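Shared chain: chain A. Partners: chain B in the first complex, chain C in the second.
And then the complex of A and B:
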């Protein structure tokens, strides 16, 4: 059953070494394709949209993309291990709401700047702890109870959103100390702080996936869970770890949203973020046991270029926000077609 | 002299730069079972596809029933009575037995409405042709492989086959089912059909062949009557190497040494009952029995995948509790599974990662980061040591042939140097050359002091590697043999006897 075409060695396609700060970094033909796509789109909008190629619009992109970017890393981990996580955005909002409650209720009105900063740190820890707990619940359901990931996270998505609604009564939590806006509105050397946070978590996730035994096991588990178990990998623990880290990343997104909007609510990003993170993972060719963090990063940039580009090009035109969704759809279809010609042909010829 | 139904003469076929067949001739005669033997990539499959019209040869002529063809199409081949039964039987798994048997006739009739009485009648007629009885309304995917094969044979007969080509027909069958299949094949031969039996299992070829044809590297290296051919000779023609198995030396076991693994009264309800045995260092212990005898369940229990319900397990004299695979691995047990695609390999992942998966913690350095250089060096070392044929360890493991894939699975466990290694069907679907090398490897591992539990229903394999053989029957150890005390024939008889006991 294993004979026939398998005898011929396929052309080496997987990883090309690229010298860098971390030694060899995994890149592949997909990385190059995505990079080319990003550059083409950037040039396209620079030419057709006035003021697209300005410090202001680029900085604004740097403020906008981190939320989606960090959330996509959480989504990536679940797909990488053979699952999916629909509760990423619900987790962000629940973490933000609880951290927001803490800030509103416990920070004294007349507290000094340094004290407020300390309180903010505690609020962030609360958010991360909430994200972690949400991840643990997902991990328990998927890894230990054996609920299919799509059902488990659909359930927890509803649960987490429900808790946020219940706590806030559907209202928006506001009245945060102004120092919080450092996270959402300020720059270091001209680079938006949220973008630096996004880059930081991208590097952390890269190291986790490609440089640790946890990442190695996640990849093999995603590739074939039965063989992983038969190789002595503790599948449950790895799944738990993947969803815990995903919960923490979701909480970080919650903090970023709070920093930008200076508020917290159950509904931020609720209609689009989950689907967008999946879309980016598809664009970056993330599959069970396959996918590169660098590709996800570039795909996030591509989506932001499209989003900002269309917004600026169509500002003032009625229905422009719908056209943005349309553009993302078109992009996805084009990516599938391109993949058919690039990878499909190869698969058929072998 | 039997009539020549098909003559393929001076056939050559190239795929790109690869010569699949080089000036090969093949004759198929009525009332003859012709066995076509060769390793993977020897050109067997290409030949089948040429005489069934799938491929057009670059050079050569095909004569079928006296008709001359330069280019044969699949439709012409079918009209000439050539039927191929592929390994997957090409059935509709979601349809019933009757529907599968009748479907060709129904399609040919061009009717728009299904007459279920007619379907049933066609099916009954078909079953009667080989005296088989199968439930007509059973869904095919729920049937064992042997029954699905019978359906495929019936379909071929209903299509007025004169030549039936069977591609590796015994791959998915148990010993007993193989015997049943052979009876059907002999019956077909009696009726004057020609059978081309394609296989690399030499013991089966020995049993069934009237004439044996051997291909190697796209050339025909042997074509003669089966009488007087023995397995070593066939293996020589197949591999081009003398595979000397007579001079195998067995590792001496220190009988007084305490056992490496001791099992007492191990029971898994629905699997096996009250199993006790000892395995010493340097020893290869065979476990045989039919499918369903509990042999695989026993292995899975020792490996923690199906924890036993009762009984005790001792390793090096200390009692251990094995509730999970992680426990088993921690106690120094390794397991090479029977279904290597599902349980053994990560097909899309690099060969190197498939090997180092069991060792990954060893490459951890400061801050919990992996030392990738040492990891790939270790993988390369095992690729060389087990002679896995690949240009690079970074290629996905699915690019390898069956024999090389199995070496990767073996490497991943051997690399951990387990105390006890359980091998379940280690050479299933592996070519003869690799098979001999894997047997040699097993003996080497025993030499190094590993205790090996070899689960297999390949009798020659057991005889060539094991010191002792346990025969399981209905979940219990029925007999124990020392290798010196028993011959291949006697062991085979015991296994078949077990079959008749169980089928009653």
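And then the complex of A and C:
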């Protein structure tokens, strides 16, 4: 598969209307395909589910998808550079637990509103620093020691979860200042704040991947590490960078989860989140050296539409929450097969 | 000959295994007991069987995570089906029905991969969520403890029993035989059949394998069928060993199992892997998980210690490989 930019000579002309503040946005046939799929699913559920097309249900989707969305961006970076990061969820929980400890222990009970906000900012910085350190450890193991990414991050997943379990004793950390719920439960102009954060990080990641030399080097490293090394790229440093940024994104997810649940624990999203993020990356066609941030964004939306849609459509049926897992698997297989026919036989070679 | 054996990855893993056992044994002598050995083996049986099923695929360069879902789907569906029929017989019918379902599930996956030329990992991820969803939505969402009369005694059917100074009577479960038979079979398949050699060829370089005349699609199908059947056997065995059938059996564990195989020397990109290495990798993970209980480390810190051990143990082979590579580079340059 080639990138959208060198697909066909006709392609650049079609893309011109999308040229905006960031220059030409890299889109391709996958983007269009995913967009069509999202629209079809949205229309399907709007028709068959009575209350799907309401402000309330759409807002609730906006609140639900950012956690998984930001986490998927972290996963995307590791796959993009030819690896995988199983520790994303463990990182977010560890960041949340440590930031949570700080808030519970150090914020004075009688502090004024502005002071609390200041403390919250410090707590967020702590979370992000923790995520960064987790990313550094991953980067060291994968880039410098040379441990296969799946093994390294499985080990660090256990390690980070182990720290969270050890510190909390398995309990949930609660008792955060109410100002924190701004992150998880409020809206600006009707748009949920977590969704805005998700969009913000999507744009940031897009700029990093498509507009910087760091992003270009990640792409080269992912598609051919040997060629990358011989063209003078410091592979180790790039891997380190990718996992550091992934760690920070995971920490942001931790903050989002904290804002929604007003608590922190070692087990939030355990294991299902990790596999879901991989699933979204697969749907968005993220491969080593390949993949677009915008596709990931649309794939996250698709997952949310599917999960909310089936939940509402089947409410009252026994085990209704599980149907979406089944449907998600079937949908993925259908998308693969459709891709095969759309792109011809050669395109999808492993 | 001996020198060559000592340099293998398997030997390093074996050394790590011995070193870990020694450390734990020194902290708590109770670790060196027959019952620890038997219990560890008993807990490893299903992981042996599943890993041996996934190994051929991995050697051919296909990373699969749906094997756990196939294990859960086949065992739970078979159990609920037979329960509805009022079946009171023995274990054999379970293995037969679940095995047939596993075969079909494996062939379905093989069909998707070969017919549409899809990456194995992507398909396996889709089928992973599909099979668990199928179990939970269509079959049932709760674990079932009603075993047929003929299978109740199975969990305590021992191959050999021994007196243990710490726990009294202890035994090695009879299903270890399945693991051994499966292990020998996969070893034979990989080493002495054209299919096995084809798996290595595909994992080394698919294009070359096609051009040297291997029937790549057929070999893929065999590997998927084997994975399906062995996963089903593992699922049913786990059901009888734990005395209940679980719709989300192993749901959190696919990556742990893969890690054990990779730790045992298999390459995630294909072309490398052995049955012995896989068995050692599985054992190592099991011992790490179980031995800590005996060391007296407070429960809440145990996971952290497991994490540290994993970080260290996965780094050792990587550092050695890096050193070997550097050595080779310097000798080549000279």
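Before moving on, here are some points about what is shown:
Note that the second predicted complex is superposed on the first by the 325 of 350 C-alpha atoms of A that agree within 3 Å, B and C clash if a C-alpha of one lies under 4 Å from a C-alpha of the other, contacts with A are read in each partner's own complex, and residues count from 1 in each chain.
FYI, a contact is a pair of C-beta atoms (placed from the backbone, for glycine too) under 8 Å apart; a residue touches a chain by one contact, two chains touch by 3 or more.
Predicted, not measured: the structure shown is a model, and the values here were computed from it.
Between chain B and chain C, C contacts the larger number of chain A residues. Once the two complexes are laid over each other on the shared chain, residue contacts for A:223 go to chain B alone; chain C is not touched. By the touch criterion defined above, A:152 reaches chain C but does not reach chain B. In the superposition on chain A, A:289 makes contact with chain B only, while chain C stays out of contact range.
Contacts of A:182 after superposition: neither chain B nor chain C is touched.
When the two complexes are overlaid on their common chain A, residue A:231 makes contact with chain B while staying clear of chain C.
Residue overlap on chain A between its contacts with chain B in one complex and with chain C in the other: absent.
Those residues of chain C that touch chain A in the complex are listed here as 61-62, 65, 112, 116-123, 125-134, 136-138, 140-141, 206, 251-252, 255-256, 258-259, 262-263, 268, 300-308, 310-311, 314-315, 318-319, 321-322. Contacts from chain A toward chain B in the complex involve residues 1-4, 6-10, 12, 14-15, 23-24, 207, 211-213, 216-217, 219-220, 223-224, 226-234, 289-290. On the chain B side of its complex with chain A, the touching residues are 18, 40-41, 45, 87, 171, 303, 305, 325-326, 328-329, 335, 337, 341-350, 353, 357-358, 360-361, 363-364, 368-370, 372, 390-392, 394-396, 398-402, 405, 412, 429.
Every residue of chain A that touches chain C in the complex is listed here, in rising order: 86, 141, 145-148, 150-152, 154-163, 165-166, 169-170, 270-271, 274-275, 278-279, 282, 318-320, 322-330, 332-333, 336-337, 340, 345, 348-350.
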